[in-house]
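Given below, in the form of structure tokens, are the structures.
Next come two complexes, and both contain chain A; in the first it sits with chain B, in the second with chain C.
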Partner chain A sequence: MSSFGFGLITAAVLAIATVGFTMQFAVTNVLNLAYGSVMINSAFVSYYLNVHGVTAWVSLVGGVFTGSVVSWALNRFIFTPFQRRNLAPITVVIVALGVDLVGTFGLQAIVGGGYVSFRQSPGSEYHFLGMILSGLQLVILAICAVVLGLVHWVLKYTRLGKAMRATSANPNLARNSGVKVQRVISTTWLISGALCGLAGTVLAMNTGVFEATSAQLYIVLLLAAMFLGGPGEPYGAMFGALTIGLATEISAAYFSPQYKEVIAFLALLGMLTFRPYGIFGSEKTN
Partner chain B sequence: MGAWAFYLTTIIVYGAVDAMACMALNVEFGFAGISNFGFIIFQSAGAYAAAVLSMPPAATSNGGFQQYVLGWNLPWPFPWIGAAIVGGLLALPFVFLVGKRLRGDFAAVGLLVSAVLLNVLVKDFVPLLNGDAGISIVPAPFQSIWNPQALGYQFAYGGVAVVLTVLVYFLFRRLTESPYGRSLRAMRDNDVVADSLGKNLRLQRTTTLVVGGMVAGLSGAILVGFISLWAPGAWGYAETIVLFAAIILGGAGNHKGAILGALLVPLGFEEITRFLPPVANPTLVPALEWVAIGLLIILFLWFRPEGILPERRRILSGAPASALAPVPSGKDTDALIQLGNLDELNFRKLLRLEETANDHRVILSTQGLTKIFHGVTVVSDVSIEVRQGRLTGLIGPNGAGKSTTLAMLAGTLASSGGRIFYEGRDITDVPSNQRANLGLVRTFQLASEFKKLTVLENLVSAIPKQSGDSFWGAMRGRRHWGREDKENIERAMEMLGGFGLTQYADAYAGGLSGGQRRLVEIMRALLAEPKVLLLDEPMAGVHPRLAHKIGDQLTRLCEAGMTVLMVEHELSIMDAFCDPVIVLAEGKVLAQGTMADLRANLEVVEAYLVG
Partner chain C sequence: MSVELSQPGLVLSTTALSAGYDGRAIVSDISIEASPGKVISIVGPNGSGKSTLLKALVGVVRVLDGTVSVGGNDITNLPSEEVAKLGVGYVPQIDDVFPPLTVKENLEIGGYLLRRSEIPDRIAAVVDRFPRLKEMMSRKAGKLSGGERKMLAMGRVLMLSPSVLVLDEPTANLAPMVATQLLEEYVRGFADQGSTVLLVEQRAKSALRISDWTYVLGGGRVVLDGAPKDLQENPLFVESFLGGSSIPK
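And then the complex of A and B:
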């Protein structure tokens, strides 16, 4: 049961990250493989605020802000200009890989290769339903729940959410129907970037120690969760993240922790092979 | 002197290995359009295979301090051959990822993730290949009779590596400069269209990955025989990005560009660090190298996406004057009509139509054909018949399901229900490329030219049954397919003359005006030698006078035995050429008959013809 608790934390953080990742794919059709590098950069900004005397929870806001602004800038100054050239989607993915290298190793060049950790005690332990969670983890869970609720509210009940869904379904039709597509895209990248920054920072807090390349392989979990729920589907992302998060931690408990990512890999390859549009999805028109 | 000579041999071997790897990845990425983000696993699989094939059994080797499988103790060249075979076989599990349905970028991340997964597995599962520590003291070829540390040995090793690299270069050239190479590039430019013209995408991609994997495996074998150790740290997934950077820099789709890129990026970056002064922070230099590689990718893709040595334009027409035709504008379409001698074309001969009398039998039909997208029924229970030798029209308002019906007939879209019959045979489950080979060929509503193929290449690529259009056909060389290809080029030139586009024969199709690209598509579909031609709004963007000329020709083609089903908005075209005409509205067949009948049918008039 304790692995279920770990799984819940992993899943909650992964859900935040995947929702942001899938929203970027939904509105701009970009598989932003630089996502992990934005996460870790946000975590480091937050960490530096923390070591300079800001409390961890306030510095978290710094991480969120960094993720938001950096993601927006990436889309505005790199991905959008490339997409305007009508290139194959793969070109933009390769560009994203280049950005990932610059982001990750640029950070490493600045901060060095050592491990760091937040000045934040994990808090006292809480036992319930057979799970053991630290105070820190409970707060993380609460934040994730609130944020996912907010995402749900925005998507479902606001004009912005409607415009996002319209843009995702068919940008041209949305534009012709009076949706200000560029603004929707910019806003989406600001929001999804905030989710990215949040996920990166709480991931770093939860892991304890981290360094510049710590998030490099996180993209695999992200991709697995996204493809499980269907690319571009925020609710699918939540479902996928829950499944992958729980599956990796529980399999780690029952088999070997070394291979805990393997189940995510297998899920991803299986989805790509048999149902590339997600468990609930169907192929797109056009 | 001595140290420098050894250094030189190292550079030669590394350069050869990198050049081989880059050429192989370039054939996959630059020619066939497969973004193999997991390329490095093919090279490392070859390195491991060569290592364990040449090493003695693990238990007896040095008291068994390292664990590994096989240990066959084979003499050279068998470990290298084994490495190539393993590299090629490794491609097979990925065939499902690069199969025809999956988006290129999705397949790419699948390959990327596979590379990460295999690295993790090899690292953590020690009995397989000694885990994270990797395999060391791999024997060098002939080390029992020739000291591998001797300068002569090192130069000989470098020489063999260079000779093999040159051989690979010629092998790849033979492949890519053949009709098969043309098909690979067509697939790269637009895989859905290549599929609709009868190209077997799965087979083409599998072949490319196997050949690329074999060369990658061989390059790994050469490397491991030289440095005598191989560990997971050497083949992280990011190493593939370095090779991509090399190809983007050197020039994708150009073998020499790949070699140049290999010398500049992997080799250059490796070597330049030797000459940097020592820095206090040990991670700083490698980190900055990665930053530089990332920047190189981004900057080159922005400022010079074609690379230092761009892909070469293939001049096939043999007419150098036309080689540099100006990028035409839409205005001269009118002039083209004067230029073309469409009326003089002997289509029967050009398209190899059989001399048979038209019997107007039902050649293509559907029963209850249905398509549902996201729960929305786009085509509902459509049953139609297309008769041989007729020019059947398909009309209806926007969203009536015309293009969807056509796509299901051609197999581009899978149907959700109902059956399709062609020549009395149920073809509902026959893949689209096989339907094309049976004579059921379609055109597309949206631009579908192969952009980086010349107009002439676009046309020739569609001609079926080319003897050089298979891997083994290509390997047999120009002597095998050259004469036939020349005839095919002549046929395509004749067609171009008919449509007045001779002067653009050697221009990239992507540079033509919209109307001209429609013509290229029609010509290309005709050269695919269809029995039934499915046209999706072929006249859109074509000058009305030319449209009517084409209509005349289609009528003549039908008289000569071809069958045409045409989706068209322009009613004057329907009036003039199509009989019968089928009307679709809201996914259902509303009416069918001659245009005169339909005009008399009040329901049709209300649904479509008015307003």
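And then the complex of A and C:
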């Protein structure tokens, strides 16, 4: 049951990250492999705010802001210019991979290779249903619930959310309906980037210690969760994150934590083989 | 309060228009005019450039030369969202709805430029025109039949009360009876209420029946135009469109 508790926390952080990741893919058609790099850069901004006297929870806002602005800038100044040149989609994926390497190892060059940790106590331990969760982890679960609820509300009930879904389904038709698609895309990068920054920071807080390359393999979990739920499906991303989060942590209890990414990768391979459009996706998405 | 589904029509015209992709013209030297209260149809064989012409009018395809104007305003190469704002409603041939969105959400996106408070009345007016949509408001558009989907596509553009309706093969993939109803009841109906209707149609006979003027495209140019009754007496037109063989591409 304790591994189930770890799985819940992993799933919560992964859900925040995957929803942002899949929103970027759905609305702008960019498979942003630099997502993990933005996560860890955001975490370091939060960390430096924290070590300069800002409380960990307030410094979280710095991480969210960093993720949002950096993601918007990546789209505005790197991905969009490449997309405008009508190159094959794989070109943008390669560019994103390059950005990821520059972002991660550039950060390592600046902050060094050592491990750091937030000045934040994990809080008291709470026992229920056989699970042991810290106060910090309960707050992370609460943040996840609030954020996913907000994402659902925005997508389902607001004008912006409907415009995002319309743009994702058919950008030309959205334009013909009067939607300012470019503005919707920019806003999507700001929102999904905020989710990226938030996920990076709470991931770093939860793991206790982290360094510049800590999120490098996180992209495997993100891809597995996204493809499990269905590429471009925010609700699928929530489901995929829950499944991958629980599967990797529970399997870690039986094998070794080092195999977590392997389990996720096997899930990704299985999904791509048998249902490449995911549980919530359709063949058209594929 | 009654809500009008269309505004008084505006004149849509092109002058020596050339348009295409990657700098290569698909249609050339096209000068056409569509007036309020009239159905103007464009017919022609596959590949003659009909859909490209419509896309150029609404800002989807780049105009390389010539002009497009609506109500005297030059709209050449205006972004699609600006063209929509000026009262031009466009229903594409395919991908004409948002499949993952419900019928209601499709209509709401159709009314994106309206104030939030105006949307319920507009939806009620659209449903009044297409009553079958009423019972499927919460159904995803991707689950609709061809006819229902086309009604939704037309309802979506009517949300903004367009002055000009640009319809690209609205009867494609529809059963003959549904196609006839759509053209004679709805498309003709829009023009009879004062809107300007520009229609591209593969079913030449059906198009002629509801049109006031018809342009014939071949090889990306206007090769014939005239009133339907005159065209039906033109041996080349009859042979090409009402008989079987096609005019040269």
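The rule is simple: the second predicted complex is superposed on the first by the 283 of 286 C-alpha atoms of A that agree within 3 Å, B and C clash if a C-alpha of one lies under 4 Å from a C-alpha of the other, contacts with A are read in each partner's own complex, and residues count from 1 in each chain.
Simple rule for what comes next: a contact is a pair of C-beta atoms (placed from the backbone, for glycine too) under 8 Å apart; a residue touches a chain by one contact, two chains touch by 3 or more.
The shown structure was predicted, so the numbers you read here are calculated from the model rather than taken from an experiment.
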{"item": "Overlay on chain A: chain C relative to chain B, clash or fit", "value": "clash"}
{"item": "Partner chain in contact with A:L222 - chain B first, chain C second, else both or neither", "value": "neither"}
{"item": "Which superposed partner A:S177 touches (first chain B, second chain C, both, neither)", "value": "second"}
{"item": "Touching partner for A:R159 - first (chain B), second (chain C), both, neither", "value": "second"}
{"item": "Partner chain(s) touched by A:L33 [first = chain B, second = chain C, both, neither]", "value": "first"}
{"item": "Which superposed partner A:A56 touches (first chain B, second chain C, both, neither)", "value": "neither"}
{"item": "A:L198 touches, of chain B and chain C: first, second, both or neither?", "value": "neither"}
{"item": "Residues on chain A lying within both footprints (that of chain B and that of chain C)", "value": "282"}
{"item": "Residues of chain C touching chain A in the complex", "value": "58-60, 79-81, 83-85, 90, 92, 95-101, 105, 108-110, 112-113, 116, 142, 156-157, 160"}
{"item": "Of chain B, residues touching chain A in the complex", "value": "35, 37, 96-97, 101-110, 113-114, 116-117, 120-121, 124, 238, 241, 244-245, 248, 281-284, 286-291, 293-298, 301-302, 305, 373-374"}
{"item": "Residue numbers on chain A that touch chain C, as the complex places them", "value": "159, 162-163, 165-166, 168-170, 172-181, 282, 284"}
{"item": "Chain A residues within the chain B interface of the complex", "value": "31, 33, 78, 81-82, 87-91, 93-95, 97-106, 108-109, 112-113, 212, 217, 220, 223-224, 227, 231, 258-259, 261-262, 265, 268-269, 272-273, 276, 282, 285"}
